[in-house]
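Please find the structures below.
What follows is a pair of complexes built around chain A, which joins chain B in one and chain C in the other.
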Partner chain A sequence: MSGHSSFQSNNAIINWIEYRLPIFGFINDSLVVYPTPKNLNYWWNMGSLAGVMLVLQIVTGIILAMHYTPHADLAFASTEHIMRDVNYGWMMRYMHANGGSMFFIVVYIHIFRGMYYGSYKAPRELLWWLGIIIFILMMATAFMGYVLPWGQMSFWGATVITNLFSAVPLVGEEIVAWLWGGFAVAQPTLNRFYSLHYLLPFVIFAVVFIHLWALHVHKSNNPLGIDIKGPQDTIPFHPYYTVKDLYGMGIFGIIFAWLLFFAPNLLGEPDNYIPANPLVTPTHIVPEWYFLPFYAILRAVPDKLFGVIAMFASLFILFALPWLDTSKVRSARFRPVYKMLFWAFFINCFVLGYIGGKPAEGIFIIVGRLSTVLYFLFFLVLPFIGWFERPRKLPESISTAVLESSGGGGSSDGAPDGAAAKAEDRG
Partner chain B sequence: MYKFAKVLAFTAVAALFASPLFHSSKALASGGAEPLKEVSWNHSGPFGTFDRAALQRGLQVYREVCSGCHGLRFIAFRNLLEIGLKEAEAKAIAAEYTMMDGPNDEGEMYERPGKLFDYMPSPFDNEKAARASNNGAFPPDLSLMAKARFGGESYIYSLLLGYEEEAPEGVTLAEGMAYNRYFPGHQIAMGPPIDDEAVEYVDGTAPTKEQIAKDVSTFLMWAAEPALEQRKRMGVKVILFLIVLTIVLYGVKRKVWADLH
Partner chain C sequence: MADSTGGDAHDPSRRDFLYVAAAGLGVVGTAGFVWPLVDQMNPSQDVLALSSIEVDISSIEVGQSITVSWRGKPVFIRHRTEEEIAKAKAVAMTDLPDPESDQARAEKPEWLILVGVCTHLGCVPLGQAGEYNGWFCPCHGSHYDTSGRIRKGPAPTNLPVPAYVFLDDSNIKIG
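== the complex of A and B ==
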């Protein structure tokens, strides 16, 4: 996306267009000859997968929108109409609902990948920021999408989450009424959520574009976390990474298809098959699984306002990560202390997710509070680690490291900690 | 193949890790009630199909017993063709119901026998009427019941068979309530709806209460998820196709990358 392309075709028409609108050069530069580190492992597949999921959500979403009615009296029945009467409507709906989950799985792995290999560090801070913005937009989109089928969990989830804003001092109640378009979650709320749910994915699309723009300036980070030093360190994106991404998509597709065709309601809440009823509160209001860690942080704080602040802080603190991490070394492979800290953080996120799905009582409260403290502690101790940690020696360059570890075939696409994936690499 | 195995292993571990998370609310949803009865359903598993005879018997149970209190509003008479009824049979069933239609050219509403395109009428005009005839309790619509409770059709089965004649010691039942081992809180406003011989099956099957419970639960699973068979058939094909495609892609990937080292 930067500079001028050296693209030349034998085809006169293509050259004619290219002279006026360098679109072929653009595609060539960013998807074909685009220089990519030669040592990327499978954790680098998530980016293209996320892109595919976004497109899939948009396509299935547009088809659902053709049959869906955003009206409080009709939304539930129109969703059932999609499931029962629209040709392959059940497939579109299950694809969209489970696609949302798969999208989040991919993006979560993508984020953890970035944290493990230090991809957020200079000069990729803005790339990291754009990623977090996408993540936040995705959460907003999925939250509003979940309201659309207008089941019990749709309604009560929307009520609980929008009510959080009432914690804002002085104007809280006004903000909530403004969000609702009335004095409760009702028709106006559903209608505007539908409008925004349709809009936001296209905003995400635009931010993804800028995300890629930033990516293509300094190129991908890699498992070693060292800079590209020259052409010997890179390979063209096509065919190497196109085929690797496609293979990854195959694996991903099998998992997705299994969920979609054999367990389409596994990740859903049964309560959402009960039509929304403002007079009956479900015994346990739980958000979709991908919000559970944040939900746990929200509930860990006894005070409503501070709970909300903690929840938003847990998300926004990610923006500060590039500066909280004071180490010059990117990859956790060479950072023994950070590596342990990372895995502790990783496991703690699962604990938070588990707690988020449990009722706030007894031991769950204690564990939830402890995990919340640990979550923030990670970010607090991070600056100090960079000062006292003695990183392991970095390889000279990507290509020397690849040559060393391959020893006659097989790249070092190790598991995250498999820097020295030598002997075990062949199986 | 090592990397392939590694990716698979990772997914398996992640799934294992995550599965208790997803099921976390399952245990608590049943309110500490006992685990559901084990039933083997013909329609479970990747190759499962609905037992047609059970579906038709289940329809009979629904019509003769449950429909007195529960609606089935997302099922139209035309849908009954999917469970193996002949068109004439489905039409005959529809015609047993009276539908309000209109207005006609004179502007009058009028009654006519049900047609295939009509939906199953609900027994009560509205929730108030339903509560008035049920001791204040509301019998929910059953169209989606098999997806609206943890445990699904096994929950319905267990619920129907989970009644105790008398509440255990120390439990006082409220007026008009029955004791059920599987209902959250154990006090349910629906009395035991079935018993042995509650229906007389037209196909001659012995109407034990287990049989009746199983048939009507199967029928309600179909009502909640009529595309289940189509979905599973397609799933098997799609996954087989994806496995072959992925193996091919893996081969191509190895070949393309081979010249790098």
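== the complex of A and C ==
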């Protein structure tokens, strides 16, 4: 994949393997000596955290699949069986359900970080695209997973979301019947969702691998958004970023553990502890929190087809972001106008999320519509910002900026310059 | 022989024909293989077989409704009051987003039979609720009138009327 490796070992067995399958060189090049910008902040922890969450979801998911029964008559009971009877079943299920939420939190921060620091810009457009594909796959996986406990929210969430496709002109009803395998969400639907819910994480895993492949071609972006100009701008991934990632993981683990052990139902819906009933819709149905902004956009449009189009557009417009942003400067640190716009967009996403969780009535409708307009307005004004905005002066290089900000004024004698100085020795 | 093979190799039309024919057959063959993989997800034969139910409606008093399950979906059977019928008939066609007369929707005006699935995104609407005192879908706020016709909200069409026949005065067959 990467070019000739600089990896060398004195161990005869490792060399024997390396000659036939250069796996140690690959690991060494991509995780050990891998040159990483020396100025990454903690927002760059999210990528590895997301990777850890994916693995955790797969592990807990495979365990749950050992005890769960994908049948309309048994699914709810088998979920409760996991909760009450299976050894540590409660922990596996809560870990999986809350793990999904934590995975989304991490990925949302990862996406916002990419937007703030312009990580989607050339030459990382395909990296960005692969990220959106992972995000869409995650949403599909999470949606189908939520259906499996076969509670009221599972059932009606599945009904509403699959019905989105009935908005397709001419063949909408046929598509929905095809998705359901019947005339309503029922046993065939549950069974196929289970099958696909098991499959998709492995597809995500594959796309993550391609995402990393693309990442490692031009390396990580950084808070300054300027290119790596030479070895003096980088430090090896290990031990600097392995340690930083592990530290962040510890903090993350504390938050996750709090949610898992002290508030495992905080992000869930009580209605999902009522078994699915195809004849009664809960009075207030809401999707999981991570879908709420998109749900708010769906409901903001008073027309079925256009509501569905707006919802999908709000997601797919992210693909166009690298070309909608006409500025050559990546990081918002040097873009005063974009920076304000970004924070407005960020806050607006929370407003949409709040509205998505509220009933569609009164003031919530008006705010929801306004917020939806603002969401798309961000993408519409973005091309013009790049033309009139006067970015602040960019630093000469990552290395000079790091030395200046650490107060060393270019001298590498001071203690705070330790890491930077070491890296320069390497160069 | 020798010069005919040489001729073939340099005859663009014959070579192109072979390419197109081979690729065309490949596409047809692949599509033929993929179709069963796609079609298996469509409703199966046993699901399709459960297509009709019979319901005894003699015990439903005026102003009462029952909900029965047909093809996994709720079906509302409402014994409408005179007032509801009058209201449904009085509506001007121009007020309806999906114009349909009440006569066309209820074979016998006192009996209104509807598939109880909101035409927006499939929730079950609540009866005798909403601004038109017909049905109201709590999910996204669609209002239906006493004939089950959409009046306000995101739903595009009226609540569908399933195929049904009166077997006699007290029994109907839906489907």
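By our rule, the second predicted complex is superposed on the first by the 406 of 427 C-alpha atoms of A that agree within 3 Å, B and C clash if a C-alpha of one lies under 4 Å from a C-alpha of the other, contacts with A are read in each partner's own complex, and residues count from 1 in each chain.
Everything that follows uses one rule, which is that a residue touches a chain if its C-beta (ideal position, glycine included) is under 8 Å from a C-beta of that chain, and two chains touch if they have at least 3 such contacts.
Everything numeric here is computed off the predicted structure, so don't read it as measured data.
Once chain A is used to superpose the two complexes, chain B occupies space next to chain C without a clash. Residue contacts after overlaying the shared chain place A:258 against chain B, while chain C stays out of touching range. Set against each other, chain B and chain C differ in how many residues of chain A they touch, and the higher count belongs to B. Of the two partner chains placed around the shared chain by superposition, chain C is the only one that A:163 touches, whereas chain B remains out of contact. Using CA centres, the angle subtended at chain A by chain B and chain C is 70 degrees, rounded to a multiple of 10. Applying the stated contact rule after C-alpha superposition, one finds that A:305 touches chain C and leaves chain B untouched. In the superposition on chain A, A:219 makes contact with neither chain B nor chain C. By the touch criterion defined above, A:91 reaches chain B but does not reach chain C. After overlaying the two complexes on the shared chain, residue contacts for A:179 are found with chain C alone; chain B is out of touch.
In the superposition on chain A, contact is made by A:284 with both chain B and chain C. Once you line the two complexes up on chain A, you'll see the smallest CA to CA distance from chain B to chain C is 12 Å.
Annotation: chain A residues 283-284, 359 touch chain B in one complex and chain C in the other. Chain A meets chain C in the complex at residues 156, 159-160, 162-164, 166, 177-186, 188, 192, 278-281, 283-285, 299, 301-305, 307, 359-361.
Note for the complex: chain B touches chain A at residues 1-8, 10-11, 17-18, 20-22, 24-25, 28-29, 31, 46, 74, 79, 140, 143-144, 147-150, 152, 184, 224, 226-227, 230-232, 234-236, 238-239, 242-243, 245-246, 249-250, 252-253, 256-258, 260-261.
Taken together, the chain A residues at the contact with chain B in this complex read 38, 42, 77, 80, 83-84, 90-91, 94, 235, 239-240, 243-244, 246-248, 250-251, 253-255, 257-258, 260-262, 264-267, 269-271, 273-274, 283-284, 286, 289, 292, 350, 353-354, 357-359, 406, 408-411, 413, 415, 424-427. Those residues of chain C lying in contact with chain A across their complex are 38, 41-44, 47, 67, 69, 71-74, 116-117, 119-124, 137-141, 153-156.
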